[in-house]
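Some structures to go through are shown next.
What follows is a pair of complexes built around chain A, which joins chain B in one and chain C in the other.
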Partner chain A sequence: MDISIRQTQADSSSGGDAAMVMSLTGRFDAHEAPQFRAAVAEAIEEGTIRIAVELTDVEFVDSTALAELVRGMKNCRERGGDLSLVSPSDPVRVILELTKLDAAFSID
Partner chain B sequence: MIDSSLDAYRRWADVPIAEPPHVSVVIPAYNEEWRIVPTIGAIATHMSSLGTPWELIVADDGSTDDTVVLVRELGLANLRLLVAEQNGGKGSAVRRGVLESRGRVVLFADADQSTPIEQFEALAARLDEGFDVVVGSRAVDGADVANKSLSRKIFSSGLSLLVKGVFRLPVSDTQCGFKMFTAEAAELLFRRQLVDEFSFDLEVLYLARKFGLRTAEVPVAWIDAPGSKVDAGKVALEFVRDLALVRWNDLRGRYASENHPKSGRTSHNNDRASLSQTAS
Partner chain C sequence: MKSESHGIVIAATHLGLRDIGPWLRALLSSLEPSQRDQVLGAIELAVHELANNAVDHAEPASGEISLIGGVEGDELVVILRDDGQPFVTPAPLPPDEPQIRGYGLMIVEQIATAVDYQRQDGENTWSARFSLSSHV
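Let's turn to the complex of A and B:
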């Protein structure tokens, strides 16, 4: 899996907090989860609490990856921010539905 | 208008197919509560996008965790769940699923999605060319293997040498959990299959050669999914034992007729299974 990160301008919708888009590609599974966790932790440590995770080009997420997304979401929300999901691919959207996590995340 | 794969999936998930399935996908599952749902999601989305009637069969192998509950609660219209009361081995679960399948094409795929379902078409193309059995392979040119541990590499190489030396099978990778059969080949092979454990693949491929079935090997992408239940040392010993057992069975003529005839599919050894369908 590749992670590309771009910092976006803070705007009124983000309440002035720094915001970030993480674009993931490929297969997001237990092998890749540590890399994602580190990227989210680093972002939060630097004060970014609004993270949009773009999943357009992710073919598969396993349970470990889902757990990492939930962890990131909780950590952001505890600080007044959020970790949202953007344009999940069809298989990822179905996996989110089957695990009922579609109700837990903000999905754009 | 062409449906999106999401639309096609939703229809498959909600409405039982009206005609016999063209394809059956069988997933053997033993204590897969952590991995099975994402795998079902990936397989269901991809297979539905192909636009051909298909069914999914999850063959539980006596799971003691929540695998059965999780799968049943999905409530997918074209998913059948076969529940086994006891753990009988992966071979018994695959056999039960394959023998319950109704498709003209039968694929069995491991529950960890280690061979991504997107490779279905590559195997199906060889079946269309006239092959009876098509084997996903991590050991031929073009295969893309990721994260395979050193112990598994050594184990696989050893097995490959044994298989080639002892059985002279025309297959480099007998153990990849992604194999496709015509319905006729599946019937012929799995009704004779006697090995219930890990090396059932080897027996099935041995029988394919014995009965003159055309077998092709297709390179696949394969990702070593964490949480594998394969104990390399234990399995290696079983494998050597089963190599001898398969030979012995053949010498005794035990493959001459069906060992699992249609009338007694749930009554054979190590296969005390009950069949239940997901609520739909």
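Let's turn to the complex of A and C:
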């Protein structure tokens, strides 16, 4: 899985918090989950608590990867930010619906 | 109609789970491509989750998980075996708060038409049936 990161301008609605778009490409599974977890942890440690995870090109996602998205979302929300999902691919939408986590995330 | 069963032995590692998708695709090669593509993604996810549970929780002594699969009528039957620790039923997920673990079997139960677990002679055996005529 490839992760590309783009810092974005925080808008006024976010209170000026640092924000980023994290685009994932390929297979997001248990083997790749530690890489994503580390990237989110690093971003939060550096003060970025508004993370948009772009999932258009994710071709497979499993429950371990999903758990990392939940972990990131909770960690951001605990700090007053959020981890949102952007343009989830069909495999991502399916697993979100099966687990009913589509109601827990902000999805654009 | 009952087709020949086919087996595969995969490494009980997260990377080893990536052999499941190509194996399932080959197993369903007799289906029309459009039908196969409709069902393959969800079935791969469910079988992957069963095998992932073995990797994360059973920790097979042999370091391997064996899978056997075959088409029976309009269903795919997959059997997974490992020689790891017995399966322990997880606590139910709380209804309101999103959790960081515990979704694997929930996913399997929604995709499969039937799921069964047996512990015998030091082995875990999971069998799951999947409809080939409908998809998630």
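Basically, the second predicted complex is superposed on the first by the 108 of 108 C-alpha atoms of A that agree within 3 Å, B and C clash if a C-alpha of one lies under 4 Å from a C-alpha of the other, contacts with A are read in each partner's own complex, and residues count from 1 in each chain.
Convention: a contact is a pair of C-beta atoms (placed from the backbone, for glycine too) under 8 Å apart; a residue touches a chain by one contact, two chains touch by 3 or more.
All values reported here derive from a predicted model rather than from experimental measurement.
Superposition of the two structures on chain A shows chain C clashing with chain B. Shared-chain residue A:Arg27: touches chain B and chain C both. Of the two partner chains placed by the overlay, chain B and chain C both lie in contact with A:Thr99. By the touch criterion stated above, A:Met73 is placed in contact with chain C alone, chain B being left untouched.
Once chain A of one complex is fitted onto chain A of the other, the partner contacts of A:Ser63 extend to both chain B and chain C.
In the superposition on chain A, no contact is made by A:Gly47 with either chain B or chain C. Chain C runs into chain B after superposition on chain A, and of the options 93-101, 165-173, 237-245 or 255-263 the stretch responsible is 93-101.
In the superposition on chain A, the residues of chain A touched by chain B in one structure and by chain C in the other are 27, 29-31, 60, 62-64, 66, 90-91, 94-95, 98-99.
Contacts from chain C toward chain A in the complex involve residues 13-15, 17-18, 21, 41-42, 44-45, 48-49, 52, 55-56, 98-101, 103-104, 106-107, 110-111, 136. The residues of chain A lying in touch with chain B in their complex are 27, 29-31, 59-64, 66, 90-91, 93-95, 97-99. Here chain A touches chain C in the complex through residues 27, 29-31, 60, 62-64, 66-67, 70-71, 73-74, 90-91, 94-95, 98-99, 101, 104, going by the rule given at the top.
Against chain A, the residues of chain B that register as touching in their complex are 4-6, 9, 34-35, 37-38, 40-42, 44-46, 49, 74, 113, 116, 118, 146-147, 223, 225-227.
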